[in-house]
Every structure is written in C-alpha cells, then in structure tokens.
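Across the two complexes that follow, chain A remains constant while its partner is chain B and subsequently chain C.
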Partner chain A sequence: MLFYLVKRLGLSALVIVLVVLVLFSLLYLIPGDPATIALGPRATPEAIARYAAKMHLDEPVWRQFLIYIGNAVTGDLGVDVFSDRNVTAVVASRIGFTLALICASMGWAVLLGLPLGCLAAVRPNSWLDRITGVLSVGTIAVPSFLVSIWALLIFAVELRWLPAIGAGEPGDTMDQLSHLVLPAFAVGLSWVGYLARMVRASMLEVMAEPYIRSAKAFGLRPRKIVYGYALRVAILPTITLIGMGFGGLISAAVFAEIIFARPGIGKLIYDAVMARNFPVVQGAVLVATAMYIGIVLLSDLLIAWLDPRVRESL
Partner chain B sequence: MPVDASGLPEHASAQEMRESASRERREKLRTFLTNWQGVLGLILVVMFFVSAIFAPLFATHDPNALDIPARLSYPTLDHFAGTDQLGRDTYSRILYGGRVALKVAAIGVSVSLVVGLILGMIAGYGPRWLDNFLLLMFDTVRAFPTIVLALATVALTGPSLGIVLTIVIVTSIPQYARVARTATMTLRNTDFIMAERSLGASTGRILMHHIMPNVVGPLLILAAMDVPVVVTVEAGLSFIGLGVLPPTASWGTILNEGYLVIRDTPWMVVAGGIPLILTTLGFTFLGEALRDVFDPRMGKGR
Partner chain C sequence: MTKPTLSRRGFLASTAAIGAATMTTGWPTQGRAEMGKVLRVRIDGDNNVLDPGFMVGGSEVEAQKQCLPFLAEYVQEGDTFTWQPTHYVTKLEQSEPTRIDFELVEGLKWSNGYGTLKASDVKFSYERMKDSDWAGYFDAMDHVEVTGDLTGTIVLNKPFAPFFMVTLCHGPGAIVCEQAVKDAGGKFTIDFPAVCGPYTYNATPGQRVVFELNPEWTGPEPGYERVEAHVITEVKASELAFDAGEMDCTELSPDTLARYAENMPEDADITTAGELQYLWMGLNTEHPKLQDVKVRKAIQHAVDVDSILQGAYSGTSTKSNGIICPGLLGQRQQTNYSYDPAKAKALLDEAGVSGLELTIRTLNQQERMLTAQIIQANLAAVGITVKVLPVDSGPFWEMGMESKGDNWQELELWLMRFATTPDPYEATQWFVSEQVGIWNWERWTDEEFDRLYEEGIAEPDTAKREEIYLRMQEIMDETGAYVWINHEPESYLHRADIEINTAPSGELNYRRFKPA
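Showing the complex of A and B:
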C-alpha cells in the first residue's frame, strides 16, 4: 500500500513537472522574443526590459525552468505583469468561486443521478429505466456551454427568476447562492445523465452476483440489499469516473464562469489570455491542472482504500 | 445467434463461409435498423454532412451580406432563422458554419485516429521502456483539461482554425492510443502472431497486416463518439473568441454574437444552438448503436 502510494504520488509529481515544461515550451516554441510575445506587440521597451528581468529572461532557458519549478514548490507563481500582484494571491482569491461551483454542480448531479441509476437498475426495462436511458444520452451529448447560454436566456433574461451575471454580494449568502444556481445547473446537468448511466450499469452487474442472491434468499429487505450491499460495490467504478471526468468538469466550469461572468479561476485564465498577461495564465493553468491531477489521484487512492479487492492486490 | 465463420465445421466450403459472413452482415444490419436511436442518429449525421457539403445550394442568402435595416429580425419567410446584429441571414450562416464544424471534425478525428493507432500499436508491441514513456506522454496530455490547454496555447499564438485543429488532435490522440495499445497487448501473445513471427515476418508487417485490422474496429466506433466532442470544442473555442474569427460563420461565432445581444433577441442563441445539439446527439446515438451492434460486450450496461 505504501509502495503504491509513493508510486502514484511520484508519477503525479512527474506529470505536474511535465505540465510546467509544456507551459514553458509553449512560450519558447513561438518564434520571437518571449517578453514581446507575453506582453504583446504594443509593449513599451521599458515594460519589456522590466518583464525580462522579472522573469529571469537573461538566464539560460533550463535555469529559468528550474527557477520557476523551485518557486512554484514554495508557493510563488510569479508576478502579475499589469497589477504587480503576486500570482499566487490572485489565484487564491479566485479559486473559492470555482471550488464552490464545482462542488455545487457535482453535489446536485450525485443527489439526482445516483438514485436515478439505482431505480433504473432495480427495474430494468421499466418506463423509468427507458426515460432515464434516453435522457442520460441526451444530457451527455448536449454541450455544457450551450446549456449555460440557454439557461441564461430562459431563467435570467426571459423569466428573470435568477440573476444573470456575477457571484453575488460578498457576505450575503443568499445572494451568492442565487448566483450559484444557474452555473451549477449548467455544469452539473450532463453529470446527472453520466452518473445515472454508470451507476445503473455497475448496479446491474453487482445485482447478478451470488452474494446478492444469497442476501435475497435470506429474505433481507430489498431496500437493504440495494442500498446497503449492492450500491456499496457499484459505487466504486463511479468514483473512478468522477475522478477521470473532473477535467471535463473544469472545462465546463471555465465556460460557465465566462458566460455568467463569475470571477472564478476559469474567468481569471480567460481574462489573462485576453490581456496577454502570461504569468497569470501560466500560474492559473498550473493550479487548475494540479487540481485535476490531485482529484484523479485522490479518487484512485479512495478506490484502493474502499475496495478490499484492490487493497489486497497492492 | 450470429454464426462465426471460424466456428464452421472443417469441411465447410469457401462458398458456405461467404454465405455465412453475408448472413451475419444482414443480421447486424437488421439489429441496427430496429434500434430507433441508431436510425435517428444516422439521419441526423447524414443531414449534417449534406447540409454542410451542399451549403451553397440550401442557403437563401449570402452568409456575409449585410442588411442593416433588417437587423435582429425575428424568423420570417425571407429569413428562416432571423437575422443577426448586422442583418446577416442566420439560417444561411448556420449552413456555412456547418462547413467549419465538418472540416474540424473530419480532419481532427481522422488525424488523431491514425496517429493514435500508430502510437498505440508501438506502445503495445514495442519494448517496455517505450511503452512507459508513451504512457507518461499520454498522461501528461490528459492532465490538461482541454479548454485550459487551449486557453494557454491561444494566449501565445492568437486564435485560428489551425490552432483549434492542433488542440483537438493533440488532446484526442491519447484515448485512441490507449484503446489501440490494450488491444495490441492482448493480441501480441496470441498463437497466430507467434506463428507469423516464427515464419520470419517483420515487425512492420505484423503490425500493418495482422494487428491493425483487428484493432481498428473499436477505434472507428470511438471516432464516431468523438465527433461530438470535437465539434463542441470548436464551437466552444469560437464562442469565447479563441477559435474561428468573425466574420467567418461558425456555430460558435453565431452563439457568441447572439450572446452579446441576448437581451435584444433570443433567436440567435436559439438558432445557433440547435444545429450543435442535433449534430452531437446524432453522432452519439449513431456511435452507441454501432457499438451495441458490433461489440455487444461493451454495451452490456445499456
């Protein structure tokens, strides 16, 4: 188990280093002076000189890379070109909005998708099963950014039930929650279908196992069998799926934040791209990617901890 | 119960084997035709291809012709889907936007399929260190959420269709490669490959003539399922101004322009979204139906 933990941690760290390397090479693969590229063609010579000094551009590339890695490990992601603020602080001030959005989206998707999948699996080919089947393919196929736009159109512009843009007044919880509803709806929708389908598939598999048959033969209540015994095992592949799909969730959150002007990390990256504020792009992309790698790692470890079969094979 | 040609008795003639193969094909076609989702998907996919390829025939207006007095019009008999903020005909622009989507889907999916197939076979058949190295590369690419990688790249290169294609190809390669790798690894120790090798066949010959035909089937189904993803990435990037640039019509740019005037007219975001949904639904339904027909094992959960 310890070996597995160390191996997974090491691999994740290696992938993160490679991610930084990719972000770095992007900057150098483009012909021309990195400072001019980062600041845009209209930058003044002073700004370019200041940027070159700040980013250690006078050093050889591999040293710059090592400096960046070293700084990133200690939590220093460089300095915002325009506002001179620390990128770490900028990212930290925004990440809460994204985490809230992701948790809310995943939360309602799990609360609805899990029971739907269970009910569909308990009664295969019932009308509920068929409707769930078609709806889940439908919600998976519809692009989340389109759900965002149409949700904005219907509930904010036409019906005026919910606010369209922003994240709400700081300190006013109700206001913040009402700003969270539409983005969370849009980001979570495809996950309802996804989870329902996945849970149904693995439930059907588990329900055919001999130990479930024994439980039935012993006359245990169906509810206890389904939710007490079968779901415990059927949930495992779903945890892997949630971990793997987290990247898609981040992509969806980026769109939702742009469309609803929610000041999260996706909107931060987008604005920084538009303003050609490369240190912020680099830092925020690194944090978003590290978050994704961390979640995948966490879901794998959770599986190893929850599933005795996996645990013993380690 | 489909009859497998290899399961026939030894004295079966070539004629009988051909007949059994064609019977199996007919059987599969019938299974496909009884699946309403698959048929609906096929119809939508054909509509997508026809409307994009023959866009000039179906278009009622020049997609870039301005008609300022008629701007932001509701759907009328002259403008089937209304007009945009510059009075351009949204219906015609949607048809031409389909061409961008088709181009990205066709090039993006085929290139990533071929490269993924080759890399996957190399990883599955080659030495262990090469396999580990390629896996690490795939994991690194997959570690980036697609849109985040696209944002980081476009920050440096500026938006263009070429960049959208590159992003699509780079991010799709790992999934094809992984499937091809797993299939190759199960094949490499089978008897018929061993026999080939002992007959002195070169690695290239084994990969091209014996492994590839067995690996490519599942990849084609994966490709059908991947088209919605690719079309969505293009539309999404164009929507946030990082893909196809105005005035070129793309479903993403139409949605973007519609989003900017969403308080004046709902028609642009409605009309721009419908073809996107029909296309993604069509390819998803078709891909799932194909998978159920050709690989019942994978679709058992449905």
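Showing the complex of A and C:
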C-alpha cells in the first residue's frame, strides 16, 4: 500500500510539472508581446518595462521557467499583474466557493443517482427502469450552462424563489446556502444521470454473481441483498467515476460561476483570461489541476481501502 | 475512553447521512438586500488599482468619484457635455490661458486621522501624475503652486483648452491624501489609504464593493445610504439579475437594449450615458491596392452604413460622421460621401480597377464580425471580393504598429474602434503625422491637419474650436481612408424610481444618484 501511495504521488507530481510547463509555454505561444497583451494597446513604455521586469520577461525563457517552478514549489504563485496581490492568496480566497459548489453538486447527484440506479437494476425493464433511463440520458445530454440559464430564468426571474447572483451575505450561512441551490442544481443535474446509469450497469452485473444467487437461496431479504451485499461491490467503479467527475465539475463550475456571478476559481480564471492577467491564470489553473489530481488520487486510495481485493493486489 | 474508528461500512453510512442532512436543511427564499436605502449596481470586475496614477480605469474611476476629491465634474447641458466646479471647491477659474486658480472648501476631512484636505494635496496628487501611467493627461501641466492652506494655482506649460474636461473631471483628476499615500509606500492598489468623500470603501474581491456613508463627511449628502456594487463579469447575467429584482441599475448589451426599447419592463427606464466611442473601417493608403484615392473613395460609396446599424447593432447606435462623438464640440451632421453603389462602380472604372481582392481584419467579436460580413456583401455588389479575417486582440492591436514588425505593410482594410474623452482634442491626436505607424494606421499625412490640431488645443473660443474640428474631419474624409460607422452608446437599465448619473464615457457616479 505504501509503495502504491508513493508511486501515485510520484505520478501526480510529474503530471503537475507537465501542466506547469504547458501553462508556462502558453504565455509565449499566444501571438504578440506578453507585456503589451497584458497591459493593453495604449500602455506606456514605462509600464511595459515595469511589467516585463516584474514578470522576469527580460530573463532567458529557461531561467523564467526555473524561477516559476522554484517559486511554485514554495507556494509562491507570483503576483497579480494589476493589484500586486499574491496569487496564492487570491486563489485561496476563491477556492472554498468552488469546493462548496462542487461538493453540493456531487452531493445531491449521489443522493439521487445511487438510489435511482439501484431501483432500476432491481427491476430491470420495468416502467421505473425505463423512466429512469430516459431521464438519465436526458440529463446527461443537456449541458450545464443551459440548465444554469433555465434554472435562473425559472426559479430566480419568474418565480423569484431563489437568488440569482452572488454567493450570499458573508457570515450568513443560510443566505449562502440559498445562493448555492441553483448553481449546485445546474452543475449536478447531469451527474444524476451518469451515476444512475453507472450504478444500474454495475448492479446488474453484481446481481448476476453466484454469491448473490446464494444469498437469495438462503432466503435473505431483498433489501439486505441489494444494499447490504450487491451495492457494496457495485459502488466501487462508481467511486472512481465520482473522483473523475470532480474534475468535470470544476469545468462545469466555470459556467455556473459566470452565469450566477459566484466567486470561485472558475470565474477567477475566466476573469483573468479576459484581463490577460497571466500570473493569475497560471496560478489558478495550476491549483485547479492539483485539486483534480488530488481528488482522483484520493478516490483511488479510497477504493484500495474499501476493496480488500484491490488492496491485496497492490 | 473510546477511540474513534472509521470502518468502511461506517464511512458509507455517514457519508449518506451527511448528504441527506444537507439536502433536507431548509433555506430562506427571502431576506436578501432590502430595497429603499440600498442601491445595487454592477461592476464588471474587481477594482485592482484604485491609485489614479496606475489604475486601469472603468469601475476604478467610479470608486474614486465616491471616495476622493475632484476639482471639477461633468455636467450635461441639453445634448452637450460641459463641466462645473465640484462641492470640494469654492473657486475654480482660469485666470490666464496657462493658470487655473482654485480654492478648496474648508474643513473637509480625510479618514484615518489624516487631517483636512489641503492645497498641498492637490499639488502632490497632480505632480506625481506626471510620472504615472496616466502621464499623458498631464503633459500640458507644468506644476501646481500652493498659495495658501486651501488655495493654489495649476500652471500649464502651454494653453490647453481641454484640461478641465479631459483631466480634471476624469479619473486622473482625483486628489489623494499626500501623507496617507506616502505612508502607504507611494502607491496603493485595492484599498484607499484615506478617503474624503460621502462614502467609505469596503471590497470583497470577486464578490462586491460596499460603499457606506462616511461618518466624517461634512459635504452634501448622497442619495443613498449604502451602495452595493456587485462583481458581475457578464452583462447578460447582470440583466437577468435586474429582471430577478436583485439589481437596481445595470449596463445593457446592444441586443438587449433593442429588446428593452421595444418592450420596456414594468417600473424600469433606460438612460444613455454617452456615445464616446467611434467605429470605422480604415484603409491603408500606402497599400499598393489602395494607393489610388479613387479606389478608396469607391469603397466609401460602396458601404451601406445604415444596413450595418440595423443588421449588426439592431438600430441601437448612432450613425457616425467622423471621429467627434455625439454631444461633443465639432460633431458633424454628415460626411462628404454617401452610399451610392453606382458611383462606386464608376470610380472603380475610372481608376481602371477590376477583380479587386481585399482582406478586412477585425476583432473576433459578434457585432464587429457582423459588420465585416455586411461590408463584404456591400463590396461584392460593386465587384470587390473581400475576405474577412478575425484576429485575436493581442495581434490585432499590434498589426498597424511599425515597432511590432512588418504586418502593417499587409494591412488593407480593418475595423477599428477607439474610445475617447468628452473633448474633441483626444480623438484627433491619433491621426497627426507623427502617429503614422503608431496609431495612424491609414498612413496619411497632412500639414493643415497637423496645424489645426495644435490650434485646436490652444484655442479658448468655442466657436472657433468647433470650426477647427469640423475642418479636420473634412480632411480625413478627403483622404478616402475612412468609412465612418457608428458611435455605440453606453446605456443603463434602471428602476424608474431612480435618477442615475453617469459620466459621458459611461462611468456611474453613485453619489449623484437620487431617488426620483
């Protein structure tokens, strides 16, 4: 297990270094002078020179890369071009909002998707299975930004049941939760379908296993068989899917954060791209990537912990 | 003592329980910001640099207008913008062409214990601007003389008529507290080191800025006790928030403006701040295909600007007749050319040109692309084949600059939009001879134009200035290097019971908002 952990951590570090390399290269792949692009067409030569010095653009590219890597390792992601704020602090102030959105989205998707998948698998080809199938495919097919807009139009503009923009009054938990409902609904909806289909397929496979047949032959209650034995095994591939799904949710969160004007790492990246604020783009993407890799790693470790077969094969 | 353990079963069970508890927790549907004394507006991003010397502009200027002193402010008289002294001064007058005398109101306090507003603050604020990113606005200023605690004189190095409108009323004209800025290290970014205005400033990056009544303010009271400026990047999201009753005032996108103009929401109104942007199609007069002025004039006659205004801008923008925008001295009522495809064909025949192929470059933006496509169709009708080339903003803003390579030699046609300040001088400065290869991408020079540019800056007589700027635009038309398209408005949707106040360039001034 320890060897497995070390191996996965090493691979994760390698992926992060590659991401840093790509992010760093982007600055030079974009046509035009980085300083002029960042500061706008009418920036004075003095401002351009100040920016170039601040970003180490006057150094050789390989040296700039080493400086960036060296700083990133120590947690220094650079300085915001415009406000001089530390990028690490800027990203830290936003990441909580994105994590809350992702967790709430995946949370309700799991709570609804898992039972739906189980019910569909227990009664295959029944009307419930068919309805679940249609709904699942339907929710998977609709992109989250479209759900965001419709949810906003229906529940905020027309019905005025829920707030349309922002993250709620700082310090007011209930207000913040109310501001989380629509974005979480929009971002998580497609995952209800994904999870239901995934759990159904896994459950059908497990329910055909000999030990389930034996359990039935011993006269165990169906609820005990489904939730006590079958789901425990069928859930394992779903945990991997959920882990990878968090990465997808980070992307979906970008749209939701823009449409609902929520602070978060997605909106931060979008705003920074629009403003050509390269240090913030690099820092925020790097943190989002690290977050994704961390979650996938966590889900793999979780599977190893939950499934003795996986643990023993390591 | 029991040691806490976590089994696999326990993990699955507790995860489900926590999720279920989250889902069943109630949340309020009411209790959001109350209407009445709170004004809710939009800003399109965080204010990163509030320091007037190093700001980006836009909402940073809006914040400065609430929290920092200014000597002059914009005022609209009929269809024209002019200026008036602010409530920070008891006197602001031009005693000589190069001397502007001022006297500050006594007893206006800076926050954080920095004492009262003094003439030395004005001197510090304006003289430091000469070494700032906005130094161009102070080129005409030599120095500031302090003649007393509250009195002083701004000394110009040459007569400069636009100084009030371009410099004193706009963001760079903000006055900062000398001691507070020095204590902050000579520059500030996301917070004011001291304020002297009706509101205090409190920003939560990524979320909002809250302006609350400044308890130390002794000047005129603003119309609202609290202003919440929400950070909403996308204007469409802000429009939806207005529809949801969560915003009191928001900027409008051109297509939404057209929709609202036809079907105004209940209890809402639209105010147009100004139209200080000018869009044109430029022609490179040095390009071999466009060196003949007859070809350029043929293109002027071939473009149907009215169909662009309808097709690309939904009829929401004003037709342009030159670089001077509506409401400014020197705005023209018509151009020297008109849409006339027959005349365009005749001019091409006269020039002996057929099968002409050109490329039009534009920023990859919805309205601009539609404009380029309409021009493409218009020119096809007179036998000119046009390729539309969308360009990203990085290379776009460099393509006519000699200092950035040789791309300027390939430039044929392009769509360009500049924003300006409420004085005609600003718009004309980019087209003088010394700007060829910098911002004069059309690459023509004219001695009369250059001379008139200098005369316009120094001329104090309004009528004479108007004549100068009208003539300068005639010269531009005669080059055949321009097809004027439109002036896009800065429009705001707001509750009908709010009287809003904006600068001509579109910045909101919350302190001058009033409940109607």
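As a working rule, the second predicted complex is superposed on the first by the 310 of 314 C-alpha atoms of A that agree within 3 Å, B and C clash if a C-alpha of one lies under 4 Å from a C-alpha of the other, contacts with A are read in each partner's own complex, and residues count from 1 in each chain.
What we mean here is this: contacts are C-beta pairs under 8 Å (C-beta built on N, C-alpha and C of every residue); 3 or more make two chains touch, one makes a residue touch a chain.
In this text the structure is predicted, and so the values were computed from the model without any measurement.
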First, second, both or neither for A:L268, with chain B first and chain C second: second
First, second, both or neither for A:V137, with chain B first and chain C second: first
Which superposed partner A:V157 touches (first chain B, second chain C, both, neither): both
Touched partner set for A:Q64, first chain B, second chain C, both or neither: neither
First (chain B), second (chain C), both or neither touched by A:S190: neither
Which superposed partner A:S93 touches (first chain B, second chain C, both, neither): second
Contacts of A:W108 with chain B and chain C, given as first, second, both or neither: second
Contacts of A:T44 with chain B and chain C, given as first, second, both or neither: second
First, second, both or neither for A:I259, with chain B first and chain C second: both
Overlap of the chain B and chain C footprints on chain A, listed as residue numbers: 30, 37, 152-153, 157, 258-259, 270, 274, 276
Chain B - residues contacting chain A, complex: 37, 136, 139-140, 142-149, 151-157, 228, 232, 235-236, 239-242, 255, 258-259, 262-263, 266, 269-270, 273, 276-277, 280-281, 284-285, 288, 300-302
List of chain C residues in touch with chain A within their complex: 8, 11-12, 16, 19-20, 22-23, 25, 27-29, 31-32, 45-46, 48-49, 56, 133, 135-136, 189-190, 204-208, 230-234, 237-238, 240-241, 243-247, 392-395, 397-398, 404
Of all residues in chain A, those that touch chain B in their complex: 11, 14-16, 18-19, 22-23, 26-27, 30, 37, 133-134, 137-138, 140-143, 145-146, 149-150, 152-153, 157-158, 197, 200-202, 204-205, 247-248, 250-251, 254-255, 258-259, 266, 269-270, 272-274, 276, 278, 281-282, 285, 288-289, 292-293
For the chain A and chain C complex, residues of the former touching the latter: 30-33, 36-37, 40-41, 43-44, 46-47, 80, 82-85, 90, 93-94, 97, 104, 107-108, 110-111, 152-153, 156-157, 160-167, 170, 174-175, 177-178, 181, 232, 235, 258-261, 263-264, 267-268, 270-271, 274-276, 305-306
